[in-house]
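Quick notes on the structure that follows.
As written, the chain order gives the labels A, B, C, D, E and F, with residue 1 at the start of each chain.
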Amino acid sequence: MKLVTAVIKPHQLDAVKEALHAMGVSGMTVSEVQGYGRQKGHTEVYRGAEYTVEFLPKIRIDVLIDELDVDKVVEAVVSASCTGKIGDGKVWVTSIDEVVRVRTGERGLDAL
Amino acid sequence: MKLVTAVIKPHQLDAVKEALHAMGVSGMTVSEVQGYGRQKGHTEVYRGAEYTVEFLPKIRIDVLIDELDVDKVVEAVVSASCTGKIGDGKVWVTSIDEVVRVRTGERGLDAL
Amino acid sequence: MKLVTAVIKPHQLDAVKEALHAMGVSGMTVSEVQGYGRQKGHTEVYRGAEYTVEFLPKIRIDVLIDELDVDKVVEAVVSASCTGKIGDGKVWVTSIDEVVRVRTGERGLDAL
Amino acid sequence: MFLAEDVPPVIDTGHTSWLLVSSALVLLMTPGLAFFYGGLNRSKSVLNMMMMSFSSIGLISILWLFYGWAGAFGKDIPLNGSTAGFIGNFTDGHGHSYLGTNTYFDLFGYPNGFAGPNHSIPTYVIMVFQMMFAIITVALISGGIADRAKFIGWLLFAAGWFTLAYVPIAHMVWGGGLLGTTIGEADFAGGSAVHINAGAAALALAIVLGRRVGWPRAAFKPHNVPFVALGAGLLWFGWFGFNAGSEQTVDATTAVAFVNTQVATAGAMLGWIIVEWIKGGKPSLVGASSGAVAGLVAITPACAFVEPWSAALLGLVAGGLCCLAVALKYLLRADDSLDVFGVHFVGGWIGCLWIGLFASAKSGWLFAPDGGVFHEGLFRGGGATQLIAQLEGAAIVSAWSFVVALVLGYALRLLGLFKAKETAQLEGLDAHEHQESAYETFTPGESVGAGAHAAAGV
Amino acid sequence: MFLAEDVPPVIDTGHTSWLLVSSALVLLMTPGLAFFYGGLNRSKSVLNMMMMSFSSIGLISILWLFYGWAGAFGKDIPLNGSTAGFIGNFTDGHGHSYLGTNTYFDLFGYPNGFAGPNHSIPTYVIMVFQMMFAIITVALISGGIADRAKFIGWLLFAAGWFTLAYVPIAHMVWGGGLLGTTIGEADFAGGSAVHINAGAAALALAIVLGRRVGWPRAAFKPHNVPFVALGAGLLWFGWFGFNAGSEQTVDATTAVAFVNTQVATAGAMLGWIIVEWIKGGKPSLVGASSGAVAGLVAITPACAFVEPWSAALLGLVAGGLCCLAVALKYLLRADDSLDVFGVHFVGGWIGCLWIGLFASAKSGWLFAPDGGVFHEGLFRGGGATQLIAQLEGAAIVSAWSFVVALVLGYALRLLGLFKAKETAQLEGLDAHEHQESAYETFTPGESVGAGAHAAAGV
Amino acid sequence: MFLAEDVPPVIDTGHTSWLLVSSALVLLMTPGLAFFYGGLNRSKSVLNMMMMSFSSIGLISILWLFYGWAGAFGKDIPLNGSTAGFIGNFTDGHGHSYLGTNTYFDLFGYPNGFAGPNHSIPTYVIMVFQMMFAIITVALISGGIADRAKFIGWLLFAAGWFTLAYVPIAHMVWGGGLLGTTIGEADFAGGSAVHINAGAAALALAIVLGRRVGWPRAAFKPHNVPFVALGAGLLWFGWFGFNAGSEQTVDATTAVAFVNTQVATAGAMLGWIIVEWIKGGKPSLVGASSGAVAGLVAITPACAFVEPWSAALLGLVAGGLCCLAVALKYLLRADDSLDVFGVHFVGGWIGCLWIGLFASAKSGWLFAPDGGVFHEGLFRGGGATQLIAQLEGAAIVSAWSFVVALVLGYALRLLGLFKAKETAQLEGLDAHEHQESAYETFTPGESVGAGAHAAAGV
């Protein structure tokens, strides 16, 4: 069991969702996060006081998958979320000991 | 050291908190996330334009625990968050290398 | 490849960011979470009805790093986020199988 | 309410201008109320709460135009020779029906086109001013049933209660009916006809619809306190039209009513936050806003009958008492969600009784040459006569409204039209009853999780 | 519009007070519109949307003062002896220029300082009342171009369209020009001069600027529905000044206009949510608010010309039809983002035609002794004369405004001044065009990710 | 301020109606200010900021009723025969005390019940109109001390400063005292009495209370810009009552004041955003809103004394200069959090001096037959006399207010009553000082993390 986590640009979420869907991965958990990195933020000015917005809105996606699908899924997520511009984000993979579906108590692959 | 992550329905948070409390687990970190899965969303209509809300509000709970307690904790979380209806969510377990309590610098089980 | 996750007090984020920056770690992903633990919340009263706020605002930081830097990074994060008061939070470390930079497809350390 | 006879009208542009402005101000109170209530509500049902106010404007305006005014301000149908009755006869008393399309008063061939001293105000303006009162009275009730009423049930209830409670009670208090005329209850701008009336109905509905899931243990904290303050601010502003506008003309009484409205409200704001402080808490903006509303409620019936120092004191007392009275619902075990009972019913009673205690001839209205039927208050040398009339009036309004609301409410609930299902309550009425949500909660970009398809076959 | 002759003025304090208040009410409508539109917009460009309204107040006030009033309400330049023209001659007709600093009318040595019956109202008050109309008409257009216009382009467009469309059209309808005088179109408070005018321009600009990225497939849901309701509430409140204030004096017509405004708006709110229900959806607060605005639009031209029952019916019809008309933009494939076309253009047309169908002598204004030039409606025995005049008037306004907006808009777009880049659209115009963001979105403490450095060399 | 003699009063319903409406408009400004300030503040202390405005309404209304009016508008106590003094004598000058319960003016047996030309306005109305001025002046100060004042300290400061600064200064400027009478300073609606006064006090308090943790390096960005715009919109709307209402009657001057208020504000909005643009930034909604307020401030003293083109120019200048002046606080190293100094103090000075430069006899008030004591401006042929009077007046108000605020503020701080602890600042004053939070931030359902237990022993 693996957990693929992606931190991407907000506008790419839809493409990633479609890409995963196309592969038969039809569940995911998504959250709004702030990213800090190479990508430069913008400046806001209020009554002459300048604020540099360094943390930029990103979307975090967590997808639990069969470990056999890891490469395929990572590939799909990366290509769907890539715009080629700085700040496109990261995708990483973590090993998971166990997954349970709350509704049924099913475990492992059945839980997905 | 294990990390138990649960993605559940918002209304079940209180029950999970109580269940964990009852087991002596008295710390957790919680966040608001959006879930996508089998559970169907609802439709909203604004001036005749229909929007399907596909991402549904869920709560993510992260609990660091002694690895000896994993089964008990997973069990408790699952049963407290189960309503039996689609969309109840997932619980998964990750292995953690190390934990530190910021305030004291304590590590491992002492950090919890 | 390691993932260092820290749950800290909101006001300490800036210090942590500076500390990481000073070490050459210049990327991170941050989110707003709610913490439950030893730290007591406060009470709010609306028209005589008292509400105990048990979940307190915290900041979660996720930083992907070279595993060789783990101790240094954890140390830096812990000391930058420590105020010595209850509720300072936790830092934990997870092993990561793989990281990809979306923009370029680079993997591993190159992706950071 | 003065109806015109055959004298040529000469409009007083000052009176009429003031009453037009007052009508607009009172209209604004209902959106203000929508914010006051909406802010106090949780975010998942805030639109439902606001819709109950907004729909009152839509529905009641039309009903008032076509028959409400006729019933409330038509010529009284007496119970017998000497006792004024419950309802008007739907005509102007000169053989002209007010009903239906005849609500078009002939402005160019009196007799019923003009009213006021020397027929100086078009009757239309008085009609529309009173329309605004009916609207907000109905809207006030909705605070008792947050998060759990089906919208269709609300509409039906609103129409029914308006017809069976508001119209007759407005007639009895102001339209020449039983309370104002025979019993001699004094209610300048609606302490009984508006606030006690709405408060009693809200309590009845809270009982009919039962408690929200989790009440009272769970957290029902206000989702947007600035909205509460916005609502309070708009209500205060509009209430000058409500109270000082109720004189309908511009004269010394108008001035007194205006000043009293201001100082009573200020006093009540202080009263509420002082009690919060004394009780060991902190003064809060929800408290200050609630106190202001309590003060506005309490001064409503009394604003033209007492001196400013008395109004300030009334405010202080009403603010403090209402701060305590909002706990009554826990004793009554009724989930009167936004405290319509604790603020409007209790505040209305305080104001009505204050007249019986403190009404003063110095206000110049009770005993003015044009014949006041009222008496000075107990503490001002007038004996208990007026206090008893106030008690009788307030009690009759309380009972009438409560019973009508209870019966209507139960009937609608039995028909399955009023109470929302538990899942709707949990997920929020906005999604279930209105197919919308108040705020953007998850907006990662234009194209996420949604496809907009035009309706109407496009 | 009556201009004074050499009679000593005696101010009527009631008339003047009412028109002052009405002016303030109409001013408030534009911030109200900013909330109505802002709430309907997505949060990342809400400030841009609101800035288009606010900047209209700043810009148009000044232009109106220095030449707008002079063009619109200066003495007509006739096309020939018997045909009224397109624009005023920038003087008061007594040889006094209205332009530039001469906008300072001599209040102490008439002839042009006072107007109204018996010179009872300072001309200034009429000038400022009309100023507010120009402001909101321009602001209304902005709803068609959400999320994609450069701010500089908006300002230039606003100034140009105001000069080339609003000023002549206001003159033609109200200032003694072609439509009101020669053609005989009746438009009491601006169904054509304001709403059709703005709606046609908005459609043109929506075409000029093209669609937002993702439209119509993507989700453009309102980011804050309570703001929509707040806007609707403030608009409704202010609209009493707009409609009943348009009589300028306080008389029986003022009263009728006020009542009609209220009941038509109420009817339209009901009409919209009933159609939502019938179409299989649910009644919504966005719908109720939109319906209210549709009703206000539709009653605007007709408010002094029909009876209240007719106004209520007009509202019901307009609310229902506009609820359907907002789908037209999908057929037209024009991203008229906030439905200025569907609500203001369509609603304005409905109201203008209603006059041709239902205008009634009972309203007392058309045929009053001071000489109405208008005819009763088709269904009221007046034949088709007025209906045809209404059609002609509305059509001319539609075409004029559409063409001016189209040409101006394309010119500005070609100059690269009007359309924002796609990245600006995606990341939001607030950051790109205004360097600010509407809400605190990430606030972990005082010291995060930001350093405030004073400008001005500090 | 005209006090009545023994002539029977005949109320002018137009004048009185206008002044009643104006009073309501000015009341609304304080909730408007609460939104303007609240939106500019961070979310964790927004309720505290709003409470400072709302509590001013509660507190100052009562103090004004019981002694403020008596001190400010009671008969002047002269310093010696020829020099007007600092304060009124708390009576109407006919031996009737205005204090305490005697604030009940006898409306039915003059002499002190009516005022204005021919005793056409109840004195009450003037009293309550002036009450609203006192309220907002105190509330304005709160912008200087965001996020760090204990609420009890604010209340005590408000009462003290009102008594020692506002009441005497209002008397000196408007009540027959030193500045308006002997020195001859012209201040139509409160450039000095309200804005310089509040601005100086805010700067003093900002110094007394020190800087917020992190200032000026950290981010203190506005948490809700639409609220800022809402506040600006309500202020603008209400300010028509403030400025044009200050004439108290409805006449040509009222019209001029109204027009000037509109065009100066429009000009200032443009002035501010043009300077933002010139400085290399972008025009922003915070800027447009701030500019509007700066324009309203600057035109306040001058609105009846200059022509509209001059008002528009004044606005443009004031908007531009205030956009630069908000940087002064960094030079002064004073955390005047929401720029009360930069906008109200500076804007007030600009407006006061403008009178000395541009006041014109064409406005008809300065030299009207009823005897103006003022002179035309330097650029209008009147020499420097008026300019010097303006300088003296503004300087005296600045110094008086600053000193009173500084001394009072330090005293309260030394007593430990004024400055909140650092933890309270960090976690937010809303939780610490008011036990509430503005918004629902975490609402996973009814039953999370909370148990509501009724107070009052339930």
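FYI, contacts are C-beta pairs under 8 Å (C-beta built on N, C-alpha and C of every residue); 3 or more make two chains touch, one makes a residue touch a chain.
Here the structure is a predicted model, which is why all the values come from computation and not from measurement.
Counted as hops between touching chains, the shortest connection from chain C to chain F is 1. Looking at B-E and D-F side by side, the one with more C-beta contacts is D-F. The chain pair from A-E, B-E or A-F that repeats the C-F interface, sharing more than half of its contact pairs by residue number, is A-E. A separation of 52 Å divides the Cα centre of chain B from that of chain F. Separating the CA-averaged centres of chain B and chain D is a span of 46 Å.
Residues of chain B in contact with at least two other chains: 11, 17, 30-32, 34, 36, 44-46, 48-49, 51, 55, 57, 94-95. Among the residues of chain F, those touching two or more other chains are numbered 12-15, 17, 21, 216, 219-222, 224, 230, 279, 281-282, 284, 286, 327, 426, 435-437, 442-443, 445-456. The touching residues of chain E, when paired with chain B in their complex, are 216, 219-222, 276, 279, 281-282, 284, 286-287, 290, 323, 326-327, 339, 342. The residues of chain E lying in touch with chain D in their complex are 12-15, 17-18, 21, 25, 42-44, 212-214, 216-226, 229-230, 232-234, 236-237, 240-241, 244, 249-252, 254-256, 258-259, 262-263, 265-267, 269-270, 273, 279, 281-286, 288-289, 291-292, 307-309, 312, 324, 327, 329-331, 362, 364, 426.
Those residues of chain F whose C-beta lies close enough to touch chain C in the complex are 426-427, 431, 435-437, 441-442, 448-456. Considering their complex, residues 11-17, 20-21, 23-24, 27-28, 30-32, 34-35, 38, 46-47, 50-51, 54-55, 57-62, 65-66, 100-101, 103-104, 106-108, 113, 122, 124-125, 127-128, 131, 151, 224, 227, 230, 433-440, 443, 445-458 of chain D touch chain E.
Looking at the complex, you find that chain B touches chain D at residues 11, 34, 36, 41-46, 48-55, 57.
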